[in-house]
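Take a look at the structures listed below.
Look at the two complexes coming up: chain A is in both, with chain B in one and chain C in the other.
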Partner chain A sequence: MNSAVEIRGVRKDFGTVEALKGIDADIPAGRLTGLVGPDGAGKTTLMRMMAALMHPSQGELRVAGHDVTREAETIHRLTGYMPQRFGLYEDLSVQENLNLYADLQGLPRGETAQQFQRLLAFTGLAPFTRRLAGQLSGGMKQKLGLACALMAHPRVLLLDEPSVGVDPVSRQELWRMVQELADEGMSVLWATAYLDEAERCDQVLLLDEGEIRYAGAPQALTERIAGRSVLVSNLQVDRREFLADALDQPSVRDGVIQGGAVRLVLAETEVSPELSALVAGAGGQLEPAQGRFEDAFIDLLEGGTLGHSAIADRMEPVAAERDIMVSCHALTKRFGDFTATDQVSFEVRRGEVLGLLGPNGAGKSTTFKMLCGLLKPSAGRAEVVGLDLRHSGSAAKMQLGYMAQKFSLYDLMTVRQNLEFFSGIYGLRGTQRRERIDEMVEIFHLAPYLEAFPDSLPLGFKQRLALACALMHRPRVLFLDEPTSGVDPITRREFWTHITGLVRKGVTVLVTTHFMEEAEYCDRVVLVNRSQVIALDTPDGLKASVAGPDCPDPSMEDAFIRLVLAQQEQAA
Partner chain B sequence: MNSRRLRALTIKESWQVVRDPSSLLIAFVMPPVLFFLFANAVSLDLEDVALGVVLESTGPAAQELAAAYDATPYFQVTTARDRRELDPLLVRGSLRGYVVIPADFDRQLRQPFGAPRVQVITDGSQPNTANFVQSYAQGVLSSWYAGRIDNPVPLLSLEQRFWFNPELDSRRVLLPGAMAIVMTMIGTLLTALVVAREWERGTMEAMMSTPAGTLELLASKLAPYFVLGMLATLGCTLMGILIYDLPYRGSLWALLLTSAAFLVPALGQGLLISTLAKNQFVAAQLAVFSGFMPAFLLSGFLYEIDSMPTWLQWLTQVVPARHYVQSLQSVFLAGDYWPELLRNSLALLAVGVLFFSLTLRNSHKVLD
Partner chain C sequence: MFARLGVAIWKEMVSYLQDPTTRRFLIGAPIVQTVAFAFAATLDVQNLDVAVLDQDNGRWSHELVARVDGAWFTDDIITARDSRELGELITARNAVVALRLAPDFSRRIDAGEPATVQVLVDGRRANSGQIATSYLATVVGEMGVELAARSSTAPVGGQPLLEERHWFNPNLDYQWFMVASLSAVLGMMMCLVVTSLSIAREREMGTFDQLLVSPISATEIIIAKTMPGMMAGYVVSLIITLLAVFAFGAPYTGHLLIFPFALALFVFSVVGVGLLISSLCNTQQQAIMGAFFSSIPFVLTSGFATPVENMPEWLQLVAELNPLKHYLVVVQGSFFKSHSLADVVANIWPLLPLALGSLTIASIEVRSKLG
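This part shows the complex of A and B:
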């Protein structure tokens, strides 16, 4: 079998930073290969070098048999490259974008009409040729980006994180298209931070901190942990508490919440007596589960985190003075004649995790922003801890903590200054302020980094700092806006250990996410589509609602896709 | 260079210009605003300057002179008997200066060959105004003295005439300058911004992964912004003539030629900036610092180049706006004076060649 890409001792330095540390690999031709790894692993750097946009500092990189440094022009002709932001001109229509790429790629004029027709049919964009690219939805932009990259029948197709920030429905369609291309014999490279996507590739190249951790078929890696995944269901105790206790056992490598059940990865195939006792004590039922690529990945990197969160252990339980902590009633937001959120109503109880899910542009963020008092509703009412956000906005804001995907840290201030700033804006003063800062430094082990800038921190520490900033004033309600996008699974585990710990202390959590796995951590999920709530149920309830003969055991993602499509069909 | 790719990129760029409101805003909304400001707010002419007159003498001649100051349209006169009354007003800034007509004014005047002494005190913290007060106060005194009946007819008299701008209306000099500013913004700022925007949106990366070369990418920016710049020139000219009463003494050809020559270095500078700045903020900073500020300060339309230190005068040679302002002023106020127009156009082309060669040296088709 010949190779689409040959990587021989490739190193890439940016100043003093080593982005790739001398890697060797062969990417087979005519297959779909996943380039998998957390943010900052070096995926984009490798992609750009394969597209001949960067030169390796050392080593040799050949794409379709051509050297990227010396034969860049040939590579530009033979490859199709879709960068992270698709490379589309938003002021140009779909057709104009296609025309531009056809001319730039030098597609023979006689072929253009036929190729346009083929690509438009393939991507389903035929009805939208006259629409400006800027007015397409995220999923449609992606398809157009793909069409442009495919214009001149590339031998190698390079896709850099095409599924970031894209909802499961669009993601599924994109997968189908790319798999079709690989089946026709095209060599496709798909970079992604989602490990569940790696499972669907023929081959994976697992990158972490500039090194290749694994290369080969994903199944081969998953087989290494065969027989070590178990599912504990029918728990009679709080599943979060059970997970925390289980993770503290040395025989348990990793664990996550999956709806009402808990999924564990064991260190050995044998179930240890301690675990059996724990399961029996919780009245649960232990059964073997299908191993997943993500389980194998965590195992490869030697384990997840412990089950108990130091911050949660320190916190006093939230007083049970009221049951409903967050509520919204017929919440509506209009921007001009566009309704972003239409009559959304739900309530969140004390100590509950509520997930807000929906495709891009469904109105999740708008709803979320109204609930944290960042946007004024056009109609309806939103309350946090019984305080109406319209009249007592600032009093309500003191009760809530907010953490976003981008961590909202100030990169020009040191870790210490960030902590001081955030404690200040939440009204902490004097001794209390100093005590809380010291406490956060101690709990999150930030002491060695106090004088460093957030930008230079490892991702995991950055996340801890962001969480520390949101928690210093002891909020009773926590808003998390896509908190773990692009974060590696181990860092994500640690994050959820803290969150579940806080929830057990009675903190109420609202979270928006694109990760179906994160949705499993929620007690209830609100599914939003086209500005309206289309489902509100427990994760297991949502899954059960779409189960049928063609899909007896639906995943969270299946549930999401089916519910969204059902509403769209109904509307059409 | 591949003509099919260049054509495709140029078409793309033109659509972007037409559909992006910010380009059109700079080309067609900024000129009227700048013209309005330069025609009304920025004026180098002074009228109604607050001037004090200290009348220490009660003699008829002194009274007459005081009345003469009162009568000119340039001054708004406050009269006093004692200079101590006016000092605080000058300190406070309510007066720009005062004239002292001494107690023995009439007596000095009556002496044979007697030259009466009049003192002028001005506020030196505003040098331009101070100069103006000083020379106008002097002028009023001279013409009053010359007009006295008992004065002998002067042997010599000065007939003044101001060429090109008989009324010394500063607007006539400023508006062509404003036009140079507008053109600098279109040529330099806009081109620098559009390339930076492509970096920010990731389209540059996508373009670079196609067979299109850097040269083609940059060259495709030239034609659309050249056309936009020429349209803005015509718009500014019409506005100047129709609304602000600018004379237009040259020919259309001279205007088009000189503007086309100006756009070469202006666009070159924009592209040069775009090879250095990959986000719009830095690009805008660089364009303002290296394009807008020199066009404002060193082009000679606001501050005279002849009164700058020699080394700075040399530096103004590479400021495209300097040559353009000269040509524009000539076309508007004097007419087609070809030696001057050609010399300026050649200078512009030379600066343009400099910018373009620097751009070429700086552009590589790799990301690192």
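This part shows the complex of A and C:
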């Protein structure tokens, strides 16, 4: 048998919604297969059916040779399933969680000790067996989840977006573990929104709107766009301006900012005369770049966005009355004995995007919260537009917009009511309020959803709504807390089109993220580890700082990992 | 400032009332709870068999027995020969109530002294027994009024008085008392649950941070958040109070105009406590537990089940902080003791400092996280 999973004409309906529209595929045994696709493509539905937690509406689905509908019990025994939020018991210790899952999965008593030892060694959790699961960092929680899913020696391992919200260091470790399992002969299916991960899989399954759009080696898909990726560097104009103009050209399919340069995917291998003219006008240099799986993904799904953001275009430029918009000086936060943020200082200039990066638990969220006035510093100063948010009251708060990772919208109010509420508390009245709401509805195409509740919206629209709510009062400073966590690349691009558009109008942005590509959009990056700032530089500067003979052309992720590990070694 | 507060209040009410589950709870819960009560209680008692032991055999005892026999609710009079037989008639469920007329009954009435009629009630059939007792009380009372009118020289004490003795359930409370008090207890619980969830829910959903970074102040947030709880508590209490009067026939004898205000103040003070709980909780689960565990001591120290006077002194002092304790005095006073405006005000005013105090602490608690 060389197929771990056989999918034959599988359909799944939820009421009138077709989540999967009759798909056929094989997932090879003993290999690592990536399951990718935009949000709402049906990835989780497919995984849950493979874990025999749901029956297909039609078709046949066999896992390890067993039918999921008729032999659910056998499937439960043969598969290890790790859902997006693994069911760890946060009030139990690491060891107690392991004990519990060993019992639940009926691991023979005699085997448990040996299996625990093996899993703890494998996941590196051995020193933490007595720690409560709730007190583990995001990355460690995922490793514990993985250990629990591996408890009963599964033949097929199903992982649903295990790396969401996990920092690059932990993500790399997690990745290494799973690869090791596949090398040992386990069949692993890894659903992910990170396409750099998909690129490293033996095989990918690309799902879109309930259909399989591609199945095969990732390299084969990347081949299709060979010669169409280019890098434009040495730009003499604002790279954001350039990107927006380039994306508006029909010959450009996709584009992202990469540090000081701009990366484009062309519709043809030939560089169109219009683009050549644009590059020449900007004084830039165009050179071929290595094609990436993400380029092919966007190209296949036709997901490139336009370069100009309608909201940014309508906004008045931010007055240049002051240069430093956000600053913190020796900012410190202590929780009891533990120092979460230690003497952090930096400044954000008008029209700048500053990224706040760091491993889980490094103190990045604490710093962020103090900056936007949600947390009281133990020492030091945090100012926005020259004002301390905790004391200056409404006037200062009017200057800032805030968007958090979970899109904090009111789920008991309709889309329209959410817009009315947020415009209202930011003091918009009468005609102006109506105009701003209508404007947001028009720009973000929210009209069909006005009477719907946010929970029922597709993820992309949820994000648009959250952004609309944060922008109606025209803030001069935007605080974004992991704004695209768990969001697919297409939605993420649309989001950044708006953000870069706003930045060009002089809006200042402070963003926390685990996405290294998002870090590339930043003008400067503050890297925080173990409560301290360990680096503050441009993305290109950070990359250059870790370049060496063993790594001549480091990526942002390489830079992150090396800088973090270097500090840890120094401390040890 | 007021416009912003208006928006915040609007949002609280919309997100509360728009949820169909919430609406069902708000209107449904008090009706279900009270109707359950109505079914448990037999409201209409007719065709009663009344056991009588007439040890007096005098003029007035015959008069009273004749009146009871002739009353609309009485079917038969069963005559007992001695106390033991009287007791057996109740034990064997031949009668729900029994009357015992002491040997000196007629003599004492003639002499103008207080005369008592002892009523034995089957506590196992508490509700019917209770209602039968009240019917008997009416009959005895009417006779007393006539006696008093006939001889203006006779002292007031010369009227027959009803003395109750409950068998099997000696501490039986009045049903009216129960329903009236229930309006306060259930209103308080509803209000506590609704308000204690409000901030905790936003914290859990992540919307609270969004609110805190906006220009709205902690005080405005707190004021807006009092509204759904106020409404929930008020509606529930009012529905049960109205049911008490119109469905259970409980006599409302107090000041009519002050009652809506007293109720509002009570609910306001409970909202204060609820928001204080909510400001201290991070999850809805914690909030529900907080509401649950605080409502139990509130009920126990309120005088609802056991009189406040019987508690140790230190606990009585603690009970002064209990909004339910103060409001129950008002409810009972308004229903059964014809409390005047002044009586109500005298009992209700401590709720105002209680409410303002807890709301202030709640808003300080919300702000303290910020600085």
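Just so we're on the same page, the second predicted complex is superposed on the first by the 555 of 572 C-alpha atoms of A that agree within 3 Å, B and C clash if a C-alpha of one lies under 4 Å from a C-alpha of the other, contacts with A are read in each partner's own complex, and residues count from 1 in each chain.
The criterion applied here is as follows: a contact is a pair of C-beta atoms (placed from the backbone, for glycine too) under 8 Å apart; a residue touches a chain by one contact, two chains touch by 3 or more.
In this text, all values refer to a predicted model and were calculated from it rather than measured experimentally.
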item: Chain A as common anchor, with chain B and chain C clashing or fitting; value: clash
item: Which superposed partner A:394 touches (first chain B, second chain C, both, neither); value: second
item: Partner chain in contact with A:96 - chain B first, chain C second, else both or neither; value: first
item: Partner chain in contact with A:104 - chain B first, chain C second, else both or neither; value: first
item: Which of chain B and chain C A:175 touches, first, second, both or neither; value: neither
item: Touching partner for A:81 - first (chain B), second (chain C), both, neither; value: first
item: Residues of chain B defined as touching chain A within the complex; value: 2, 4-5, 7-9, 11-12, 15-16, 19-20, 201-203, 205-212, 365-368
item: Contact footprint of chain A on chain C as seen in their complex; value: 3-4, 6-8, 10-11, 14-16, 18-19, 205-207, 209-217, 368-371
item: Complex interface listing, chain A residues touching chain B; value: 14, 48, 51-55, 72-73, 76-77, 79, 81-92, 96, 99-101, 103-106, 132, 148
item: Chain C-touching residues of chain A, taken from the complex the two chains share; value: 369, 372-376, 389-391, 393-395, 397-398, 400, 402, 404, 406, 408-414, 417, 420-422, 424-427, 429, 479
